[in-house]
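The structure follows.
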Amino acid sequence: MPKLLRNLTGLIGFFLLWEAAVRSGLVPEVFLPPPSEVLVTTVELLSQELFLRDVIATLLAWAIALLISIGIAVPLGLVLGNVAWLRAATRAIVEFLRPIPSVALIPLVLLVVGGGPEAKIALAVYAAVWPILFNAIYALGEIDPVLLDTARACGTNRRQLLTSVALPHAAPFVFTGIRMSAAVALIVVVSVEYVAGAASGLGKFILEVSSSGMRMDQVLAGTVIAGLIGYLINEGLERTGKRLFRWNEATGRTT
Amino acid sequence: MLEVSGLNHRYGQGERAHVAVRELSFSVEAGELACIVGPSGCGKSTLLRCIAGLIPPTEGSVRLHDDEVTGVPDDLAVVFQDYSRSLFPWLTVAKNVEFPLRWKKIGKRERAQRAQEALDAVGLAGVGTKFPWQLSGGMQQRVSIARALASRPALLLMDEPFASVDAQTRFDLEDLLRRVQREQQSTILLVTHDIDESVYLGDRVLVLSSSPASIVADLTIDLPADRDQIATRESARFVALRGEVARLLQGKQGQPGTATDEAERELTASPGDVPH
Amino acid sequence: MLEVSGLNHRYGQGERAHVAVRELSFSVEAGELACIVGPSGCGKSTLLRCIAGLIPPTEGSVRLHDDEVTGVPDDLAVVFQDYSRSLFPWLTVAKNVEFPLRWKKIGKRERAQRAQEALDAVGLAGVGTKFPWQLSGGMQQRVSIARALASRPALLLMDEPFASVDAQTRFDLEDLLRRVQREQQSTILLVTHDIDESVYLGDRVLVLSSSPASIVADLTIDLPADRDQIATRESARFVALRGEVARLLQGKQGQPGTATDEAERELTASPGDVPH
Amino acid sequence: GLLGGSEEASDSGNGDLEKSKITVSVMPTIDLAPLHLANRNGYFEDEGLTVETVNAPNGQASLTKLINGEVDIAYGSYTAFFIAQSKGAADFKFVSDASSAGPKSTMIVTKADSPIKNVQDLAGKRIAVTSENTTSDVLTKSLMKTNGVDFSDVEWVFLPFPDMPNALQRGNIDAAFMTEPFITSAAKTVGAVPMFDTATGPTKDFPTAGYASQAKFAQENPKVVAAFQRAMDRATRESEDRSKIEPLMVEFAKVDKEIAAMTELLTFQSKLDASRLQRVADLLLEFGGLPKRMDAGSMIAQPAAD
Amino acid sequence: MTSGATNWLVFAGAVACWELAARLAGSVFFPPPTDIVATAVRLWFSGPASQLFLTDTVFDDVLPSLGRCLGGWAVAVVLGTGLGTALGRSRTGMDYVGPLFAFFRAIPPPTLVPVFMVLFGLGPGMQVATIIFGAVWPILLNTVDGVRSVDSVKADTARSFRTPAPYWIGLVVLPAALPKIFAGLRLSLSISLILMVVSELIGSFAGIGHQLISTQQNFDFPMMWSWIVLLGILGYGLNGVLLTVERRVLRWQPTRNDDV
């Protein structure tokens, strides 16, 4: 399958570059071990049950956070994208809240919901809502007016317009938002585990091995795993998207 | 049934405003099929949009069954001029046709069947499972006609619905439309550029002036209700009427028969060539 | 100049494949205006796309000046059937028309002037600063014609270019096209559904069968090169030719009246309704 | 569960204690060895206590867990406790001491070829400490002050310990305050040289970290506090045997085995001493970390008498 | 009409609720907005007249941070749109680098900070690198998406005129993709702000993020809230500027004109 081959070419190229940089002494090996070493560590880690538990904890938190974000952002985006006055009225609050970094909110979230998995889920939801929300609002602004008129002339009421025209039209772009959010949510979950600590999780693992000092290979192995998970998630979503939105590929519709 | 009075529509505001429709008044009886002809860009589509309640008129009013139209009225269907943009690309052809039935209390089975019938009627049996972008232009246009018919509207607005189909199909569709009008007692407003078509199809022909649209003439077509593509088009009355419409379009409503100038001659060019 | 041989085009693959064009061969001389007529959905647009090099044919070849067309050839312009989607909404009308001139070695001044001329020619003087979506359907269609003309192409492909304009404007545009053909020695391939138009405009008329398209007849229009909307259409030869094209479209070329198979019957559904 | 949340166990008093199960927030540092030892060897169980540990990445997170009630007892550095108390974030009571700076366990480290040869050379340099108003911050300032060095134009760089060796190597910083085991590992990896012991003179045996609970907890559970202290005492005494500590360092603080063997240990403590703790508060006050003087003695929990 | 007024009315209402709730709860962690504003004024606007009443911290922390944020974002914009356009138009380009990007995109920037420290050392280099690294993805992804969604008829039109690549990109692809690119730009702008904070978490001695962390560690809640609010204000302001630009650039869109 040539596409898979091309996929691998990119990844392998990057790892070779990294290896070369370390081997040539461009970067000190103690701080940035070469991928050959990191990959060995990665494989080792993957056979440890404790580590796998960390990974699973992270993945579960991620999945929950993403689902919640979709549940919040898609309807909200549809409503805000459709109702101009509501969009205007909430813009100040939304634009004000959005750039507040989730890391800045960590201490507050810890205080309010405690340091359990709820904290990382809450923060991940907070961060993952925006890409979906914004892509939804944008996509709605792009609907072909003729299409909207058509639906209205068919006796479609506002709510139905939302579900039967706005949603399918926006779906491909919202899906891009979901893909971005999936990455963001994973980042935040791992980051919160890393910055704020957790009972288990990939971020916690990275924190533990990094705070002990010189285990950069394990730190990077953890990071590589985070990246790999992200890659797999993205790949899965992309394939789903291609299948779901064949019509979009074929027409490339914009107005 | 439909009463348009003092209708004005202006696009934009201030200096760059463009008046598309000016002081338009007419009414259409229930069950009537009125054709609208007028030069390109005169404001026909704008008029239809106002009637459909899709854009609010700047001045004047549209009344349907004595109620002022403010939103989109019930029991209405529109065939847009921009047919390819008015089909939902994510729905199959059949689902597109079913679309207006979704909100009606119609069982799934019947919905599918009605869509199928409508597609058959426009000569598109067998493409129901395709997507609109897999169809040719004329087929897409017929899908949007089928969609309008499937909803069995009381008022049907059609904006150049047959522009992209071949002559034969066009004749078939014209006859289909008159049949639907008779059987379902629909009121139909149809914009066309084809003078013959307007006379053949219509119970009335409204001739609009060039931009901004206002009514030049409101012609009653006194042809028999039962029409035939050959016989009707051959009849002397038909030929006379189409000459009249053509003359009116040229802005010579006053003195019929005195057609002298170049422009007029061009239009009424070949009375012998009418498809009989 | 243009030689199409053994052209086949199939959309999709495997079971759901749809053959749109089958074994099509013909050639067009330089400076010729060939009209293509054929039932809706028969594959005319597909054929034009293949010739324009926009889609590669599944089989067969298109040769232009003896070179096989693989990409889009130089000095080509296309007027798409979907005119409204082919205009760039972010460019004003004038900029849309100037579009193909942007990368030619033409001064800014002259570019603007050429665009202006082209717009004038299609009767759209004064809308240059508007955006396409501020125009009516027919006006948009004329903008896309103006754009094609402004680039003064050696080969001009037009897909139902006059479908949305009123009768008068249509006549004007037809004459404009013949003038352009003569003056610029352009080769023009034009798809139309109007049989009269095909005969009036063309030096040749290619009649296509219903889907998948293959050539039913290749008619040379032996009318004088100088044509006139009145005189030409009145001439006996014109009437004979259009009758011939209509008959050919009905699939009666070989054995009139023996149409038997299902597919064919569908097309000729209402024999009584055939014009003439 | 799999998510890594803690399951709440229903908890009724056991025997004499008000509570039989407590949670303690910990960090992956080596001075927690006695706690892990006590857990491992069942000293808490002997007292009728079950201690569950919860990881916190840093002192602030550890304190937050205490404040929001997630844990009963938090491990943290004294500076953090004092500052949080002074801001009114919570009312803390210390329930056990943990460690104080031993000889050579809190050092200013430089590169081998560094021009910094004595404390005076530190003036105006880029020095890494973990953060403002932390033990590392006040100890470094104190060292300089004691030696009469003006630290007003020092460029403070705030770095976590693990990142210090790299910054030192690259020349991003001139010197760094480090604790064990980072001193040893930095020496090993980048050839860093421990130059000055910050825990000398007025800061000798400077208390670094301890365990605290909220005042309310200490008040309501005096017996638990006493039990906790007893177990910690026992473990701390045993920690003097280095061989018992090293494997725990490898396991809990994820320290390399080799480095663990070479590490200078902090002094493990368990007995809370008001006058020693007061030194932390005073030093913080001196360097502007506290708005007003605080009484360390009043922050020591009063456990139930045996 | 007065959509601006309603806009702020809702906002003011939210703030009033917060004030009320905070006063009622009386928690040190959630000071009422009035306290925060008072702290903020003291923090930033109590400087000498010669500095326009701005305090040193504005010049030492706020402006440099903002500079890094905008600088990093600007680079991300150039990289993201450039690369995104190239990849969006290329049939196989994304096959090569897509997985790599997905891989990078999923790496949490905080865990990468140590790696960037190794590569770029401490200071602005590392911070800007972190910002670029995080902010480039939404732009890139949205650009690829936008570029790929050029209407097929428009694409064919351009091809039929043999539009040379620069014109094709400049006159067709980018305008078509612009609405989506702007969605990416807005998203990445707020990510830049976030990463500005993250990148200052370690190894810095000044900056908004540094101040935020140090107030957190010092349990100085009114101050911490002041910084959080500042981030909100900055985000709001920058977004407003971007929105204005967007309105101008996308003026041609029919729906937008009606929307104003």
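Residue numbering begins at 1 within each chain, and the chains themselves are lettered A, B, C, D and E in the order written.
We adopt the following convention: a residue touches a chain if its C-beta (ideal position, glycine included) is under 8 Å from a C-beta of that chain, and two chains touch if they have at least 3 such contacts.
By chain, with names taken from UniProt: A, E = ABC transporter permease; B, C = ABC transporter ATP-binding protein.
As the structure is a computational prediction, the values presented were derived from the model and not from experiment.
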Chains touching both chain B and chain E (ABC transporter permease), listed by label: A, C
Furthest chain, CA centroid comparison against chain B: D
Which of C-E and A-E has more C-beta contact pairs: A-E
Distance between chain centroids, defined by C-alpha means - chain D, chain E (ABC transporter permease) (Å): 37
Whole-Å gap separating chain A (ABC transporter permease) and chain B, where each centre is the average of the chain's CA atoms: 50
Chain centre separation (chain C, chain D; CA means) in Å: 84
Overlap residues in chain D, where contacts from two or more other chains coincide: 60, 160, 162, 166
Interface hub residues of chain A (ABC transporter permease), defined as touching at least two other chains: 28, 31, 107, 111, 194-195, 210, 248, 250-251, 253, 255
Multi-partner residues of chain B (at least 2 other chains): 82, 85, 133
Complex contacts: residues of chain D adjacent to chain A (ABC transporter permease): 2-6, 27-29, 54-58, 60-61, 64-65, 67-70, 160-162, 165-166, 169, 181-182, 185, 188-190, 253-256, 259
Touching residues (chain side chain D, partner chain E (ABC transporter permease)) in the complex: 59-60, 63, 80, 83-84, 87-89, 131-134, 155-160, 162-163, 166-167, 170, 172-173, 289
Chain D partner contacts - residues on chain E (ABC transporter permease) that touch it in the complex: 28-29, 114, 117-118, 121-123, 202-205, 210, 213-214, 216-221
Footprint of chain A (ABC transporter permease) on chain B - complex, ascending: 49, 52, 54, 72, 74-78, 80, 82, 85-91, 99-100, 102-104, 131, 133, 147, 151, 157
Contacting residues of chain E (ABC transporter permease) [partner chain A (ABC transporter permease), same complex]: 3-4, 6-11, 14, 29-30, 92, 95-100, 102-112, 114-115, 118-119, 137-138, 141-142, 145, 148-152, 155, 176, 179-180, 182-183, 186-187, 189-190, 193-195, 197-198, 201, 212, 216, 224, 227-228, 231-236, 238-240, 253-256, 259
